[in-house]
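This is the structure, below, for whatever I ask next.
Naming follows writing order (A, B, C, D and E), and every chain is counted from residue 1.
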């Protein structure tokens, strides 16, 4: 994915102003930056949910700018939403099945002839159930999506996106609100996906996770791309630390706030 | 076969110019009435001769340029004007004589309209200005109803099709109170208060219990349809199917400037609407409760979690929405004019169109939308047939939404 | 008071062309609203297009009845597309009002004197039955059983309508259990989410609008088959009543619309019979004439009570209602 | 529709048979009404079934009305139903071998669809005569159903021209005279008053457009000019745009072809600065406005209404019946006489046929109205009934006028009254 | 963020001797009829305590907060606030009693401006709006210069800040926080935790649900682990932080290895 000179402003404020952005293929790239840096807006632009003021980008050499959202998704570039969008009155399993692409039964004419799509449907269901197990949602498969908890919604959102078997997936804070133990197991899954050749771009504020899986980190601030590089280097960049990571990253906050001493005893 | 038994009204006035203008009228069953006018002015003292078969009679036109001559049969007769007796320079350009056909009747006209027609027709501009003001008046009245609807929609999410009945309620209440013998201004005040109370009651008796039961908005919307049916037919039972007028309706118009003429009632209603609208806007934008209504509109649960008594706010909104609807009903009764059991439904679609055009849930949007719709309805008839005047306004609604799906003043939502 | 005849009339009316037409229209709405989440309040427009399409093709162009129905279907498709272009991008509540407006525009144009040659303006069209009745395969005479005794022609329009209903239900059943239907339901819940999964939301909505619209138009045709077409019939209230039928039965259910239509007209017919009878017996403190008005008060009340106490409709799932906004 | 032939099973063959049977006599009503010159000819005369059989009768005729009790036309309902009630009472009181069982049903309007359930209900209850509907549009919606049930249908108020040649198996009749007659009288009245430029405001439906067309034709034939002709739709609420369009042309007089909307239009006209003494009203809106408007407001304005002057005893009976039924005063009288006559004519033809079957009664409808000529004139039911049971041919003329049906079931004769408003907004008959 | 605003003295007396502020006693609650999400759950917060709640997704943490706040029907058991029964009281009545909540989702008014959002927080105490605004802007300076932007157009993190601020505007005595750090950048997260801690130390009893469990356990006095609608473990933050079982089941080892 190569993008050039993308800008988008809202009433005078430039939310995104990216000169040049390259996302390496078959790798995991993390997009980080302070709140309001323009990360989600950039996602919206790249996925066709919003129109840029200027700029062009291409994916695998194919120009994607100006294409409506569903088309870019069809070309293998799928996104998730930071504020989750669940399909309230579809069950979890149905939502998953909806994700699958290339379904014959989704054409209006073919849909009335079940023979044409039933076999494919069974395969899709199998795949969906497999993913649900990994995402710890198997038990919930027959519940309405509306009844999921905040974290479960995030999980479903990501699992659903993976159902499309994308070449390139844009994950907007996929693990916010997900239990750390589960995050850990899911990261392995993401690494598997990379091994299978998927390209991942994700926004995340959990630095442990970024450190753990990202091959490349892009830092945005005030709409601009301010730093790039492998995680270990970028996280040492003083500008990044100052504006984004903060000085306490790996310290014990209990100590900093003065509630506990270094040994972990409660202070008065 | 048609046998028609109509006779000409025995003309009451006899102008005393010698009776020559009415000849043989009493003698025969059928007659010819001749009118002679020059440039739309009656021409007196013109000799007219009627001949047919072996009958002939003549008469001289009276002050009104009229002659009436009785004839013995229903056969065709020829009516001739003696051009000699016409004033200097006036000639008959059309047929002379005219042959009168009786058709199925016992009287027939034979009119000689001479000279140029000198009507003074209103210029396009003056018509335009006149309708613009009329539309403005209509729009302001619509705005009162629309803002009430928009407020209720805003705070409860309810698309209230029974709003029409709340409008009618105001007018009917004013009528009933007035019929009790109270002065009309008191009646109107009582009606507006009663409308507010009606709004309160509506909420307390119906919507609050339903909200508690967690009934979906679409279901509630259908419920309002049921309520609207009930309301309308209750009004029909109470006031019957006819139209009744409040006192002070009609009245002559005062020339304000140029072609703009407004009646006293028009002026009062426009000023009143404007004041009330400004008041409501101030309330919404500046006061704590006003802001709370918008918060409730956005997210009831969160509003409650912020310490807002959501039920109370909703109640207040229903009361205000009800009073505004009631007031607009009274003004509507003066604008149409007339009170009828279904007067509300007849503008319901326009109210909705106004609210949507401006952007749902935005009070100012409702105001702007109402003015646009009001003016469009009135002005568009300068170009399109008046029996499709609503088509113009509704068409504009669709066109505007094509360009601005969120309405004129609505805000687009952010994705993601 | 003759209960027998009142019940008989009620039962008989449950199989009237009016009821059958409502079934089709409500089924169309089920596709629009129940499955695709389109708050279409312009069903009357589709029904008007169907009825006028049928009548005008026969009266003005001398088409046979089946060609008239085809014209209606095509006209409904065109109307759906025209309606869809500006409206399908709108939020649900905007859509509701705009579709009412569109349906009113359609009605006002049919009513206007501008197209008098074809539409006969406010007086509407009638007397186009010959072709349809000639195609009647049933033997002449009156037959049937119980309350459902009709003449051959009456049976013909009813049976024809019922066949359309059966086909419609079959079609909706097939569509909604397929992945196509799943996409539609997804769109109902959140368009953007579905869009992000690579589905052409606009296209699906358009398809749903067309299918529902065609069903509505056919409903219009069925109602018009044995009677006439007048513009005042297609007021927004027609849409409201079809909605009522739909919600009585259950919005996202297969047989809900059918049952709802039967219920709606059943209540109407029952009250029409029972109220004047009660008034005549002196059980109601009003004349039978006033009872006519009272009927609509009661219809409105019945509607409110049904929705209040069974918001999911007769066939709907209670559970689903918890998540309805 | 042609007499005697009641088994036509489809529209086309029926109407061709009809043409064949009635020859060139069966023309559309507008032709018929203008064919005044044919003195005593067979102009539109229906087939004559001959004199009725003499003898006692013992018939029970079930009559159902489908008139607007609810909905937009509800204001038309009371006088019509009062007419029906009075007719039933008069017929039953006459004890002439026929008893009327009257059921008052609601036609509603196309919006609330009350007729949809009322009509099947009345038909299932074996009513042999359906009286209704008030509006042509509503009649159109159920006429085919009534005809299919071989039931007589008589409308007291329909004026749409299509009903003249509707494939109705001779079962549809109407007692309201064609508006063409009224339009002609009104046009000539306005012209005779010396009006040069006329504005017209009319309702867009069969009634309004029919009258408007005839008025325009007559008025322009008399050298006048219609300078503005504005229509509105049923259900419209404001008329300012139309009034302003008309006023822009500054006409000398305005003809108002409306129904009840007039109560909104008059104040609007007044505040629009219209000369209120130069208005012309029609039967749909002409009424005593002494209660509604300020004295003197309409003084000098005129209007037309079909029908002879209703005599006081008829009015008293009408009001008394209504008072008893609904417990309130009648405020209007529109179409009361027409409804009354519809039921009386149905009863007379039942007596003549000695049958209450729809097609049988239909055979005699034209004759008892005087349509076949030669009958003795009667102006009340009791005497006419006695004459029929004595085997005589009758020609009934009732409170709605000298009704005489042609082969299409349309009345061909009418008395058009001309009225002028006095200083109290009351009507004064001029002829 | 400077630490100087942190009050230095908080009575570190034994919890048991302090007043019980919130007491959730064997509560059973749920959304759908017949399905209980919480079963027999207990939770107790003493005056001035900072309580953490952690647990896997779908355990019922948010449900528990909502149950305390009267937004979910409590079917069995009782909830008391300083001894008063508040079971199933309406949310706005709880606000009157000094309880504030920051929900996990849908926690801002999208069509209101930031300022109006904050004013809504102070709905019941309009008097101190100005001061409170300053206080909040001090915590989240990012909000300061965009007061008239509508909240619906804010980024996820910005919304979270608005949501927190709205609750702080209430100046509550008891604060319920549902994942306050979600979506915040690391530096803001740290700020948020520090703030929560300092607010708590100023005497506000605080109950916070967190998925950033390690951070949460680092500052809280006591914590509950919720699993499948039941309080599975409880202990002081430090105890749980080092509990092998808790680490294995709920905390994971991701952060640990690096921070160690």
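Methods note: contacts are C-beta pairs under 8 Å (C-beta built on N, C-alpha and C of every residue); 3 or more make two chains touch, one makes a residue touch a chain.
Here's who's who by UniProt: A, E = ABC transporter ATP-binding protein; B, C = Branched-chain amino acid ABC transporter permease.
Worth saying up front: this structure is predicted, and the values here are computed from it rather than measured.
Note on connectivity: the fewest steps through touching chains from chain A to chain D is 2. Counting C-beta pairs in contact across A-E and across A-C gives the higher total for A-E.
Placing every chain at the mean of its C-alpha atoms, the farthest one from chain C is found to be E. A summary of chain positions shows that the Cα centroid lying nearest the centre of all protein Cα atoms is that of chain C.
Our note on geometry: chain D versus chain E, Cα centroid distance of 78 Å, whole angstroms.
Chain A and chain B have Cα centroids separated by 59 Å. Between chain B and chain D the centroid-to-centroid distance comes to 28 Å (mean Cα coordinates, whole Å). Chain centres here are Cα means. That of chain C falls 52 Å from that of chain E. Multi-chain contact residues of chain A (touching two or more other chains): 40, 49, 79, 81-83, 147, 172.
Annotation for chain C: residues touching 2 or more other chains are 108, 111-113, 192, 290, 293, 296, 319, 322, 324.
Multi-chain contact residues of chain D (touching two or more other chains) are listed as 70, 74, 77, 204, 231, 233, 235. Per the touch definition, chain E reaches chain B in the complex via residues 69, 71, 90-92, 95-96, 100-101, 103, 106-112, 116, 119-121, 123-124, 126, 150, 152-153, 166, 170.
Residues 288, 291-292, 294-295, 297-299, 301-310, 361, 411, 413-414 of chain B are the ones that touch chain E when the two sit in their complex. For chain D in complex with chain C, the residues that touch the partner chain are 9-12, 69-70, 74, 77-78, 81, 103-106, 108-114, 116-118, 120-121, 124-125, 136-138, 140-145, 148-149, 160, 162, 166-167, 203-206, 208-209, 231, 233-235, 325-327. Listing the residues of chain B that touch chain D in their complex gives 1-10, 33, 35, 37, 40, 42, 64-66, 94, 98, 101, 103-105, 107-113, 117, 119-122, 127, 130-131, 134, 138, 233, 236, 240-245, 249-253, 261, 263, 335-338, 340, 342-343, 346-347, 377-378, 381, 385-387, 389.
Within the complex, the chain D residues that touch chain B are 32-36, 38, 40-41, 43-45, 70, 72-75, 77, 181, 184-185, 188-189, 191-194, 196-197, 204, 218, 221-225, 227, 230-233, 235-238, 240-242, 244-245, 247-252, 260-261, 263-264, 266-268, 270-273, 292, 302, 331, 402, 404, 406, 412-418, 420, 430-431.
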